[in-house]
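Presented sequentially are two complexes of chain A, the first with chain B as partner and the second with chain C.
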Partner chain A sequence: MKILVINNDGGGFADYVDVADGTTVAQLFERQIGSTKPSHYLIRVNRQPCPADQVLCEGDRISITPTKIEGANS
Partner chain B sequence: MTRQQRLLMRMAIAIHERLHSKTTRDKCVALPAATWQRCETLNRKLQRATQRGWNVATNRLNHDLRLAVERLRLEVAELDHGLRPSGREDRIATVGDIYSDLVALHDEFEDVAFNLRQRTLSVTTEAIELDSVYLGPFEIRLDWTDLLEGHPSNYRVIAVDPKPAAANESVTHPHVQDEAVCEGDGHQPIRKALERGCLLDFFLIVANLLRTYNSGSPFVSLSDWHGVECADCGSTVCDDERWTCEKCETTVCGECYYNCPGCDGIFCNECTTRCEGCDDNHCSGCMKHCSRCDAELCQGCLNDNERCSDCHDQALEEEAEETESDGSSHSRDDADAPIQPHRVGQVAVPA
Partner chain C sequence: MLFLRDYGDTEVGGFGIAASDDLLFVEDIQLVKQVCSWAHVAFDDESVADFFDRQVDAERRPEQFARIWVHTHPGDCPRPSMTDEETFERVFGRADWAVMFILDCEGQSYARLRFNVGPCAEVEIPVGVDYSRPFSATEPDTWEQEYLANVHAEQLRRGMASTLEPVLASPFDEEPTDAWYESWFDYAAEEEEAEELIL
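Here is the complex of A and B:
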């Protein structure tokens, strides 16, 4: 099934991704971000907070936004 | 549909129109008319040359026409590519997406405000405190007139309860000056979110940026937020009145810094010494010791023999005394001298 993943880490890319039926939010996070702690990110499914074991559905919109984003001075 | 929902829908439609009109404008591309015209001209010439049996001209025109058609083919391919729906447009938010973002903003932020006429949308963060420094809440105000190309000047971060840095009133957050955020790592995701019309993502990214302190690159560091103390008088020093000692690198205020007359350097009181000759404070590099009395003096107060004026005077007096005493001893010697001494230069010459 196809879902929309918006990764606001680094480049801020948005892509439609094919995932297997039954994929959970935690599994998708690991696939997209890797071993970084999920607590360092705001993860929203269809703009709502979600549990790690929530199973994704066709057409879901998942956004992953780091909680720590470093600004600069120039 | 409630009144609030209707307002949000009108807002979503208006924002979507702004996004969509921009992408439609981008699609107005030029047709390859000039190249087509050249193909027609070459074709006419080729027909004429063929009819008249000009073989050399026919071969050259045939070659030129092939090149022109090849160029036309490339330009048409480019035009075709430009007119196809791009990946970017595919991901530009729909009215429904924007509406859902506007609804979700109310779940993420306590205070959400919008003004259709002024084309602004703003959220207010909770009171932000970084490293125990209270900075207060911030309003993130987005002007959605030009989301695609307005970044980064199309949004402002306004301190609701300003607690600016003591050294600079325009800095209300370590990464905000004059209501503009220096985005650092957030630059690319913020730009992408605005290009796509992902308003919820935009506000979440900016809010998270405000909740983060990058000690490596602030406008004013949090450790200096409440001001830097003058090392000499202890008063709080603002940026315009701040001087750094070139020797020990402490901060001193405009009243306490010394400008060394010898080297023109800036120094604190601790790193200067008062010259006993002129009473001006000099840095250690510009001070010397009198070669006789060891007093500390600046170069300007030492004479050519590296002596202070007292020692110089004293030395002159001593020299004068010596000369005087030498003179009197000479006069005693002269008493035994012949009354008519040999003339200077007279030498006894053997016969």
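Here is the complex of A and C:
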């Protein structure tokens, strides 16, 4: 089945990918991001935060976006 | 960027939107919801995710909208702080390349391009306005609306907690449940065990 994946790591990604039926959010995260800790990201499915074991469905949009973007001047 | 810098007294930050044919040519600056003080700016995580969704819906690629991180320094020094360096490393160190751009109150700027692939070089780059490219008319009203919708000064937050609470609210429609925390906690623990086994 096809799902839309959005993330900025590596070359950046915003495209449909084929995943096996029954793929969970955690499995997809591992495939896209590898070993980086999930706590460094906000992971949403169809614009809603999701549990790691949520099973993805055809047409889902999963976004893996950075968190804690902070600047300071001193 | 000058308009955004001068509208309030605080730092303000956003993402540079690059031309599709020149990823270092910034056509627009987009804000996300943020809490700011004179010395600090922090983006709202959910608003960052919404920004990614909107940009993808507009058919832009992440390298066009998520690589140029811009913010202001209300003082007279555009050099990056420790916090800036930490964010640039942690957040933008995993993309193939990224730019940190800082504009200070006196018009001095700082821009550094980092490549995280190949020889992984970092280099300060010059900043200029390219008048040879067509540009649209200034839209101060639109900019003002964007500023007011996104930039929330920290000192206001204390006095207007009820008004600004949604900015910092949890990214959940409802409060996250114990099951949600456990699912990601278990996942992270398994990951760490796997790492230890490899070591």
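Keep in mind that, in the parts below, the second predicted complex is superposed on the first by the 63 of 74 C-alpha atoms of A that agree within 3 Å, B and C clash if a C-alpha of one lies under 4 Å from a C-alpha of the other, contacts with A are read in each partner's own complex, and residues count from 1 in each chain.
Note that in this section a residue touches a chain if its C-beta (ideal position, glycine included) is under 8 Å from a C-beta of that chain, and two chains touch if they have at least 3 such contacts.
Bear in mind the structure is a predicted one, so any value in this text is a computation, not a measurement.
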item	value
Chain B versus chain C as contact partner of A:69, first or second or both or neither	both
Superposed model, chain A: greater residue contact from chain B or chain C	C
Contacts of A:8 with chain B and chain C, given as first, second, both or neither	both
Which of chain B and chain C A:26 touches, first, second, both or neither	second
Contacts of A:35 with chain B and chain C, given as first, second, both or neither	second
Partner chain(s) touched by A:51 [first = chain B, second = chain C, both, neither]	second
Overlapping contact positions on chain A, where the chain C interface meets the chain B interface	6, 8-14, 42, 44, 47-48, 63, 65-74
Contacting residues of chain C [partner chain A, same complex]	11, 13, 38-43, 45-46, 48-50, 52-53, 56, 61-63, 66-67, 69, 71, 73-75, 77, 81-84, 86-87, 90-92, 94-96, 102, 171-173, 176, 179-180, 183-184, 186-188, 191, 195
For the chain A and chain C complex, residues of the former touching the latter	4, 6-14, 26, 35-40, 42, 44, 47-49, 51-53, 61, 63, 65-74
Residue ranges of chain B in contact with chain A within the complex	91, 100-101, 103-104, 107, 174-177, 181-186, 188-193, 196, 198, 200-201, 204-205, 208-212, 214, 216-219
For the chain A and chain B complex, residues of the former touching the latter	6, 8-14, 42, 44, 46-48, 63, 65-74
